[in-house]
Amino acid sequence: MGNTIINAGDTAWVLMATALVMLMTPGLAFFYGGLVRRKNILGVLMQCFAALCVVSIQWVLFGFSLAFAPSHGFWGGFAFAGLKGVGFAPNPAYAPTIPFEAFMVFQMMFAVITPALIIGAFAERMKFSSFLLFTLLWTTFVYDPIAHWVWGMGGWLRTLGVLDFAGGIVVHTTAGIAALVTALIIGKRKIDRASPPHNLPFAALGAALLWFGWFGFNAGSALAANGLAVSTFVVTNTAASSAGLTWMFMDWIFNGQTTVLGTITGAVAGLATITPASGFVSPASAIIIGFFAGVFCFLAVSFLKPRFAYDDSLDAFGVHGIGGILGVIATGIFASTLINPHGANGLLYGNTKQILIQLLAVGVTIVYTFMATFIIYKLIDVILGVRVGEKEEFMGLDLSQHHETGYTLME
Amino acid sequence: MKLIVAIIQPYRLEHVKEELYKMNVNLLTVSEVLGHGRQKGITEIYRGIKESGNLLRKIRIDIAVNEEFVETTIKAIIKGAKTGETGDGKIFVLDLKDCIRIRTEERGPVAIG
Amino acid sequence: MKLIVAIIQPYRLEHVKEELYKMNVNLLTVSEVLGHGRQKGITEIYRGIKESGNLLRKIRIDIAVNEEFVETTIKAIIKGAKTGETGDGKIFVLDLKDCIRIRTEERGPVAIG
Amino acid sequence: MKLIVAIIQPYRLEHVKEELYKMNVNLLTVSEVLGHGRQKGITEIYRGIKESGNLLRKIRIDIAVNEEFVETTIKAIIKGAKTGETGDGKIFVLDLKDCIRIRTEERGPVAIG
Amino acid sequence: MGNTIINAGDTAWVLMATALVMLMTPGLAFFYGGLVRRKNILGVLMQCFAALCVVSIQWVLFGFSLAFAPSHGFWGGFAFAGLKGVGFAPNPAYAPTIPFEAFMVFQMMFAVITPALIIGAFAERMKFSSFLLFTLLWTTFVYDPIAHWVWGMGGWLRTLGVLDFAGGIVVHTTAGIAALVTALIIGKRKIDRASPPHNLPFAALGAALLWFGWFGFNAGSALAANGLAVSTFVVTNTAASSAGLTWMFMDWIFNGQTTVLGTITGAVAGLATITPASGFVSPASAIIIGFFAGVFCFLAVSFLKPRFAYDDSLDAFGVHGIGGILGVIATGIFASTLINPHGANGLLYGNTKQILIQLLAVGVTIVYTFMATFIIYKLIDVILGVRVGEKEEFMGLDLSQHHETGYTLME
Amino acid sequence: MGNTIINAGDTAWVLMATALVMLMTPGLAFFYGGLVRRKNILGVLMQCFAALCVVSIQWVLFGFSLAFAPSHGFWGGFAFAGLKGVGFAPNPAYAPTIPFEAFMVFQMMFAVITPALIIGAFAERMKFSSFLLFTLLWTTFVYDPIAHWVWGMGGWLRTLGVLDFAGGIVVHTTAGIAALVTALIIGKRKIDRASPPHNLPFAALGAALLWFGWFGFNAGSALAANGLAVSTFVVTNTAASSAGLTWMFMDWIFNGQTTVLGTITGAVAGLATITPASGFVSPASAIIIGFFAGVFCFLAVSFLKPRFAYDDSLDAFGVHGIGGILGVIATGIFASTLINPHGANGLLYGNTKQILIQLLAVGVTIVYTFMATFIIYKLIDVILGVRVGEKEEFMGLDLSQHHETGYTLME
């Protein structure tokens, strides 16, 4: 593949970033797991670990190929299936200075965490067997094609010039919309009353690991240890902080005091929102984007959800869906070629076209994800049944699905 | 005065509280216990080793009431807790010799409510 | 013999223990419970959803005493637990039919201390 | 009917349950408590600051039984719990005025078993 | 900025180190959080997350400039405010082979954790609003100037030749002294009796994350992936182990048995103590420094504190203050130009001057920090009141400050 | 040492990998700690931290030398004692592009975790003082020599051409066999009944940190940020996922449902098993190896252990012993010079010799480890007594060994 040569520094960074993104899935497990009732903690942890196992294998076998092999229209086809041709040599179409296999494994961790994000919507009431099948099908028929459209060689949105640095469309919009769909179909939890998080420190631990891992997620997407990676890193941290502070103050204004759950939720919303923009915007823009992330996701969670009365248990839609969509649009506004010459300018820098592309991309993604997720859900519901029985739900997923309990009550 | 002690299924607590409130029984004390009864719990399995898991999580409710409230309270608990399946639990009624409200140092029936 | 059951504010436990020890009441059993009383707890808020948090953490103390100690014990508990605010708690007094010290198999009043 | 309340060493629970089952006493309710008795616990030390650790972990067992089972039950508990060392615990026996099986709404002695 | 060129390996290392140092703040949150009463865990977590958010934004806006812009005497002025001129090109005055922005963000995480360290002193009794204000003011008026003196271009202690590789003065002495001041003014907790840690495993988790992150803290301060970084890494691990073992044996000698809390506290003390010395000393010196860290911090915590009866709840002064000061002095003794030719020799290698500079630097830092912290504290006390009311304190900070509880009691 | 030059990218990767491997020991602490009774959590955490402290110092003083100094037959002698000659310059015999000291500290973390793995066998019943002595002696007389044989310059197994990329023999077989020996001699726990894990989320956290850290363990063993590191990284993740899924299905087949504990145990088994093979095999082979890891370790834990009735409390032998041995043999089957030209071909690629070498190496390791561990154990038993008294065991190690409790019962 030409006169490309592997750069050890870039490779070191991408490998490390891959490890960081891998850690985000367990991080998410604790972020979500701390928020559910004590009797459902294992249900959440299990789904996250299962997503890691299943998608890792799917990706090696054919997922990566579907997403990144040269286009066959809808998705990438099977040219790279079984990692054929994915070896030590770089593929300059994706990353010219690192082994192609490093790009593959970095992308794998994105494919892993995306279905895991959806867990927040149907937490505390989905059958584990159905979750397994759902993850496999959803990854194959939703994640892989959309990743191809946006990032794959020949993908139509990529060709159109859409900007999505680290997955605002591919990861957060898809997961967020899928969360909305599943929350709507699966219905509310039996005990509707808000239940306090059973272990908020676990949620904080999860948020910390997510923040930590997100440096790999975003700055790793530079696929090199260069100035762009650094800029992305800074912008990521800035947006998270800004959104965390914003949510803190929103809580104070609307509810009379600041909260830990609000602050960490804000930070995660900021991270989700900056994701597509992170490689294209300045720190100043990141402060603004973080602010809007805090405001809009707060409002979605506090007002939209009660208003429409769907039970997105852990706000996967409110945080990742809203955040992702917001971020994709923000990219069309704040992107600057001063930060990333391979990007484009946004509205603020006089380019009106970009935001239209962004809106188109996010719109198509929403529609496709909505429909495809709906079909997959219904299919599984026919085959296995998606929701656990009432008794299992009351008993908790830990006991009913896995015959285990999270904590002993006595020594 | 009586002290009513109910052992119920954890997930019926909300219903029981609701029924009690309807009857104006608002004061109660709750704790988490493990119960061994006729109910067969789920066998837990850890690395292939089966744990008959004979102690199941239950909720214990303690309510001190004056005589005229005893039957109302028992009925309310039954209404909230009963599903008809084993494991629904038991209610124990004990004689309460005295009751003191610490804040006011009142004693007897007046201190209960 | 009586079994004295006190429900108190968690942060008064130290004071109550102190008062009891002063009166030579050294043997007791403590557990953590949730109480619903007249006290309005703090409304908890999770992502904007208000939790009336009607079950507040309390400490339950069980003390078995001989008759001559009943009043001393009650007074000591009141002394340690009373702040004058709602939520101070209650003391319940039950008749104790028998008491056995497992170590010695002694029974009755002698086994209590 | 009696309500038997036993406070025992945590690690004797298995033995006590075994002895009770032998005697066909299968229904019981267990909880974790802290006890202050004659037993001197281990002094805990955190960064050089000594915590006399006067509250030791204990297990509380509640068993409601009909009169004819009272002695059997007490004996079984003693058999399972006794080691002869301080800290073995106590058994308290209370009068049980009524007992209701929630599932069937049966009352009295028949509801106990 | 001349003919400097970015090295991908160095950049990869500094980015990774930045992520590691970021993780230290949540690590600290768990280290501290595990030690408080159950009703105050969220209070601690919240303060740590808030420090991360607030200082991240302050740093980007003007904090970095105050600390690292060319000197205006007291601090660095506003030349780099809003990250003006802080971009992809390296600044050879600080780090010639990585983007200047990478240096900026690496330093950011130091500014974040320093005020978080102080939390240990006033844990379980400070108002959250006052904490927010305190953090902002303290960072601006204590951390930023002192960072400038020691590390900034034209800083007077830097010019004098003080050695502080990774923040023994800038981070640990300042935080430790501020801890002492605040512990003295805020007064003892209401329930004076020692309370056992509510969750020692959390404290151990925190210590593990601190140790892990400290590799970034110290070895990242080499600002390159070179031999010096490796040496610093080794020395850091060695001092932590040595101090951990020492405390273990001190516990055994003075209290009759070894303890988990002692061992992890010792390790953290060793890490704090080696910090200023880590880029200048040999592994053998690190064993000795670790030993002294274990001995002195143990004695401070076990005898000094009870003697003077201040309530430094989690020993922020005893561990970071004593450790930091000790380390700065030890640097003047054990530093060797064989390890770092850009450093200096210490007393042991025949240079008496260095230790005098070290003593001067630490002395001035103590005095300035003491006074400035005192003033800031009193100011906030007038405006907002620093300490929560008695009732709030008994209720716990989780409920009283944030209307949340850490753990549910029932399912 | 010749015309070698330090590569910053490689150094960055190895430093980072070292930090990752360091984190595995606390990770293991939580993996194990979550599985024991609540009253023994600190006992486990303490042993892990103590292993980290003790072996870190031992390694610097003489352990590294014993393992990696040029051969004196049985072990490496004292040429590198006190890190003499272990400095900034690379040692091409081990790693030509990074400082020799980086190789030293990377290897240190392997020496740390190996004795920690054994803890699983005697959990809940070993005296802490005896553990300290055991760790020191075992590291010195078992780990160091065997590391020398397999990896040291002049080591006889290395000379013979054995393949052990990241420690299937050196780490997992030795720890696993030592676990078997100690479990056999120390005897069963007093309360024989299975006790449910006191905190399964902690075990899951530990497994996540192990998985995360294992990227450093295996891919770091490439000692450079090159294609081989990437390949190793991919293969590691693949085997873990494959084994996790396999165990999940084994649980489903044999016990009627999937479990969290099974899934994470499977993943760890897969990681242990792929370790020796990770630098020599393809992703496809990794799927197969992971599958066998899941099957065999599941059977060992579920049937072998009950059959022979030894009380390997946390399955250190069943997972690491069986996994390690399996992996060493699998290396002899699946290794391919297409993946690693410095390796060899295995049975599948027509080389019958390799598997014989592998079998010999693992056989000798088993015998030596068995005997040496037995002797060390018996020696300590005479001096200090290895097992705690019955009362201490019932009370739990936290209180009896450390006078601490993990969690408070009340606020």
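Going by the order they are written in, the chains are A, B, C, D, E and F; count residues from 1 in each one.
As a working rule, contacts are C-beta pairs under 8 Å (C-beta built on N, C-alpha and C of every residue); 3 or more make two chains touch, one makes a residue touch a chain.
The shown structure was predicted, so the numbers you read here are calculated from the model rather than taken from an experiment.
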{"item": "Set of chains adjacent to chain E and to chain F", "value": "A, B, C, D"}
{"item": "Shared chain contacts [chain B and chain F, defined touch]", "value": "A, C, D, E"}
{"item": "Chain pair showing more contacts of the two, A-C and C-F", "value": "A-C"}
{"item": "Chain centre separation (chain A, chain B; CA means) in Å", "value": "44"}
{"item": "Interchain centroid distance [CA atoms averaged], chain B/chain E, Å", "value": "51"}
{"item": "Whole-Å separation of chain centres (CA-atom averages), chain B against chain C", "value": "18"}
{"item": "Multi-partner residues of chain D (at least 2 other chains)", "value": "11, 30-32, 34, 44-46, 55, 57, 94-95"}
{"item": "Junction residues of chain A, two or more chains touched", "value": "7-10, 12-13, 16, 196-197, 199, 205, 225, 255, 257, 259, 261, 403-405, 409-411"}
{"item": "Overall pattern in which the protein chains touch one another (line/ring/star/complete/other)", "value": "complete"}
{"item": "For the chain E and chain D complex, residues of the former touching the latter", "value": "194, 196-197, 251, 254-257, 259, 261-262, 265, 298, 301-303, 306, 315"}
{"item": "Chain A contact footprint on chain C (complex, rising order)", "value": "44-51, 53"}
{"item": "Interface residues, chain E side, partner chain C - complex", "value": "191, 193, 394-395, 399-400, 403-405, 409-410"}
{"item": "Chain F partner contacts - residues on chain C that touch it in the complex", "value": "10-11, 13, 30, 32, 57, 59"}
{"item": "Touch list for chain A against partner chain E, complex", "value": "7-10, 12-13, 16, 20, 37-39, 97, 195-201, 204-205, 207-208, 211-212, 215-216, 219, 224-231, 233-234, 237-238, 240-242, 244-245, 248, 255-261, 263-264, 267, 283-284, 287, 396"}
